[in-house]
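In the two assemblies presented below, chain A is common to both, partnered first by chain B and then by chain C.
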Partner chain A sequence: MSLVVKRYIPLAITFIMGFIMVIATYFLAPGTPARDATALLTATVDVLVATAGVIGLVALLRHHTVNINKRGRFWKYSIITLIGVIIYLIIGLYGVATHESHYMYASELFSWVYNSLYVHMDMTIFSLLAFFIASAAYRAFRLRSLEASVLLIVGSLMLLGRAPIGGAIWEGFPAIAEWLLNVPNTAGNRAITIGVAIGAISLAIRQLLGVERGYLGPER
Partner chain B sequence: MSTSKAAGFDRRYIYILLFILVSIPLLYPLGLPIPISTHTEGVWDATTALPAGSIVVSSFDFGPSTIPENRPQAKAHLFLCRELGLKVIALAFWPGGGPIGDSVLSEVYGEGYQNEDFYGTELIYLGYVPGNEVGMQTFGDSPMDAKGTDHFGTSVGDLPLMQELEDASDLGLWAEWTSGTPGEQQVIQFVQGRHGGPSAVPLVVGSTAVSVPGMMPFYAAGQIVGILNGLAGAGEFEWLVNRDYPEYPQEQGPGLDAQSVAHVLIILFVVIGNVGWAVSKSRGGKSS
Partner chain C sequence: MNIINEGLVASFVLLVIVLVEILVALFTARTGKYVPKIRKIAGLEAIEEAVGRATEMGKPIAYTTGLGGIRDQYYYQTVAGLSILGHTAELAAKYGAKLLYFPYDPTIIPMAYEVVEQGYIRAGKADAFNPDDIIYLGGDQFPWAFGVLGAIYREQTAANIHMGPFWAESLILAEAGFYTGAIQVAGTANYHQIQFFVVASDYALIGEELMAAGAYLSKDPTQIGSLWGADFAKITVVALTVIGVILTAAGISVLNDFFAL
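This part shows the complex of A and B:
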């Protein structure tokens, strides 16, 4: 594939589209025909996301098929993954094809699989965090340094202040937790947010101008 | 206990202890009092200040993993909206939020709510709106263009409530139930920021507790007027709703009691672990 196709065309698309969106956002008044016209560009994101979904599905099927064929790491789980994906896909497509519903989620069987299986499995996995945190609290949280000590003390105050038992022990705990959240936390997070925003703007400008090309993959 | 012994302590004992102690308050609730935070009061005040007939967006932007925190927040808030006579347009910018929103609405407005007379004039469920931030922006700019049909396949053109909404500035309130991206920051950036700011599109958020610290700068700036902070926030809001509407059940009490026990247990583990570590260190043991 030529350099023009691999590099210059994507760079030109990025520059033109980015430039149009910057102009539309900062220089065109809402409701004007020119601004409305850019909404069409925005809507194309849906098409790109849908395409990315198909690519994701193909990549997932390919990855797990290869893993099973090679008897790779946890290949038995790959079988379960493939079965789950394929069956759920068939159920969804069946619901649409039989016009049981206009929309996949309203299909009774599709909803049942989601609400009765997926929801509970996902919640179970997430809730395991509580056990890991309890174990980590015993094994890893140590007063090794001043910073670690501050973190531990503040964390303990938050734990007490954000649960009803804290207020039951001493009514000052909820107030302390709220102050910690409102003042020191807000100050720190504001600094982080502003820093991230400046970094994002700088990265966006570099990408628009073609200086930052990492998103195009390695240059060869 | 030496550090090596502490480190070698079978973690399964910790798991079993946590499981037993958390189970007890779930089975036999302690009934601990629930203090109300100013963040929760912000959500209450912003909602109850709305005149009847105002339009509220209720956005289910979370997946199944955070149902225990986000779902009761959204449910209590929707109940309050219903009782206050507020019109609700519910939707989800997360695919996983689509079915969850439907089940919450079924609980609050009754099974088959989409077939009731009020559907389309006082309540609409759009379901999943694709496009993440772009979907949010499209909905804010022109709600009719965000999606062709509601969750049940009815054309949005046939739903009168949608006609009342030209853009996001016509909203009375945006209630964002979220545990990630797109979430409250995207609403601020792509909806509120484009349609007159916080005074035109007031935003309240119900979030997982772990995400709340990151949204505090937006709360301090007034871009978010109220926050329901995790399960505790849900319990606090339930308490407020129950105070004015006693028929609304306080379901999060046992969960909050279990959370209290878990928090105290974690602090105890930290203390015991550190005492063991300090003793070991003073006896010349390994410090790691």
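This part shows the complex of A and C:
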């Protein structure tokens, strides 16, 4: 019974849903009732996926509660996380409860916390990426091999072509940068994209036929 | 009235050609008539080295599958990442190393529990599976990335493995691992992030190598056959491209017209 529930039924659902979606995409005209029915199927998936948010919340609360109870590493930060999650959850739920429609309403306080606290912290973290790029570029651009040398030359030309100072030094730099971006770079990208697309189809076939089951649970 | 939706005729024909090629190769390998050999993928071979190193150092392994879930268009990378996670879990269980997995999307948390547990069962160490080692840090890009970065620094992980769809956080994670001296294996099919992994990691899986991982690691002839079929499909696409270039240069637009259907 367990094997049927945990293995065969998911594989059957995967095959049937994949087959339906291929049929819908190619053979059911947009706007027809049959196509709308498949759109409803996609919406059902969204509903199922939405419940995963609860799983995420429970997993987050559980992890930090366990860490506090065990006095694990940096457990005091877990307290801050829990306080943050719970307060923001209360603010959100209070906003929904007090709004006349009771429907996914972001109250003023909810938006303020998001825009004035969260967004700034998020952008601060994002901005640190510039320093990571600089340190990675320093290592990548060292003249250690032929490939690194090509990377250094191309990188330098791109910098000169994209920065205003490059065009001021010599007007040919922007054109070179444009050519590098549009010709060799695009060729490489498309080669990777074609390989990925065919690889994805191959993977999808293996999954739809139940040949690749590595993403499923134990066979018991 | 068209049988196939407008604008999708060429796409459908191409899909059928690719499907036939992959299925023929898959079933040929399945019957044992011919089982192709596949080249070694250094990035996948390196996972055992990474797990071994973590075991020797007595430090954990950090594993991530990027920002993908199971409902978005990048799901195939996430699923490939989960397949490699299962293999990594099996190796970690076999050697007795601690594996920390950081899911990004809550939809993959239940799958991750199953996949990691399956790895421990395959290694014959089901009791060693600890659900607390699957740590959900939140589902927003940079908070998640810095959560993982923090864990890498705090735990001083000996090996970091990143397999899946990545965006701007790829370099944050890879650089964190570089500074802690961890051995790093990373792979993504997002072409705009591959260069960061190549630069900052010890081993990188490029594009389709990630999708081939499940078949490669399973060593199942049927799955390997599908990779063989995918190679035929690539030859077809390259041949069509070359023929299209020649025909267009000669002023014949037959292929262009067909792909506009």
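Observations
Going forward, the second predicted complex is superposed on the first by the 198 of 220 C-alpha atoms of A that agree within 3 Å, B and C clash if a C-alpha of one lies under 4 Å from a C-alpha of the other, contacts with A are read in each partner's own complex, and residues count from 1 in each chain.
Rule of thumb we're sticking to: a contact is a pair of C-beta atoms (placed from the backbone, for glycine too) under 8 Å apart; a residue touches a chain by one contact, two chains touch by 3 or more.
Keep in mind that this is a model prediction, so the values were computed, not measured.
In the superposition on chain A, A:212 makes contact with chain C only, not with chain B.
Of the two partner chains placed by the overlay, only chain B lies in contact with A:181; chain C stays clear of it.
Of the two partner chains placed by superposition, A:40 touches none, neither chain B nor chain C. Of the two partner chains placed by the overlay, neither chain B nor chain C lies in contact with A:146. In the superposition on chain A, A:111 contacts chain B only, with no contact to chain C. In the superposed model, A:204 makes contact with chain C only, not with chain B. Of the two partner chains placed around the shared chain by superposition, chain B is the only one that A:119 touches, whereas chain C remains out of contact. By the document's definition of touching, of the two partners only chain C reaches A:29; chain B does not. When the two complexes are overlaid on their common chain A, residue A:163 makes contact with chain B while staying clear of chain C. With the contact threshold set out at the top, residues 30, 45-46, 49, 122, 125-126, 133, 135, 137, 139-140, 189, 193 of chain A are in contact with chain B in one structure and with chain C in the other. Taken together, the chain A residues at the contact with chain C in this complex read 25-30, 45-46, 49, 52-53, 55-57, 59-60, 63, 66, 73-74, 122, 125-126, 128-129, 132-133, 135-137, 139-140, 188-189, 192-196, 198-207, 209, 211-212, 214-220. If you check the complex, the residues on chain C that touch chain A are 3-5, 8, 11-12, 15, 18-19, 22-23, 26, 69-71, 76, 79-80, 82-83, 86-87, 105-107, 109-111, 114-115, 117-118, 121, 132, 134-140, 142-143, 145-146, 154-155, 168, 171-172, 174-175, 178, 189, 191, 194, 196, 199-200, 206-208, 210-212, 214-215, 217-218, 220, 222-223, 226-227, 229-230, 233-234, 237. On the chain B side of its complex with chain A, the touching residues are 6-7, 9, 11, 14-15, 18-19, 22, 32-35, 37-39, 63-68, 98-100, 102-103, 127-128, 130-132, 134-135, 137-138, 141-142, 145, 149, 151-153, 194-195, 209, 212-214, 216-217, 219-220, 229-230, 232, 235, 256-257, 259-267, 269-270, 272-274, 277-278, 287. Partner chain B is touched in their complex by these residues of chain A: 30, 39, 42-43, 45-46, 49-50, 101-103, 105-106, 111, 114-115, 118-120, 122-123, 125-127, 130-131, 133-135, 137-144, 152, 156, 159-160, 162-168, 171, 174, 178, 181-182, 185-186, 189-190, 193.
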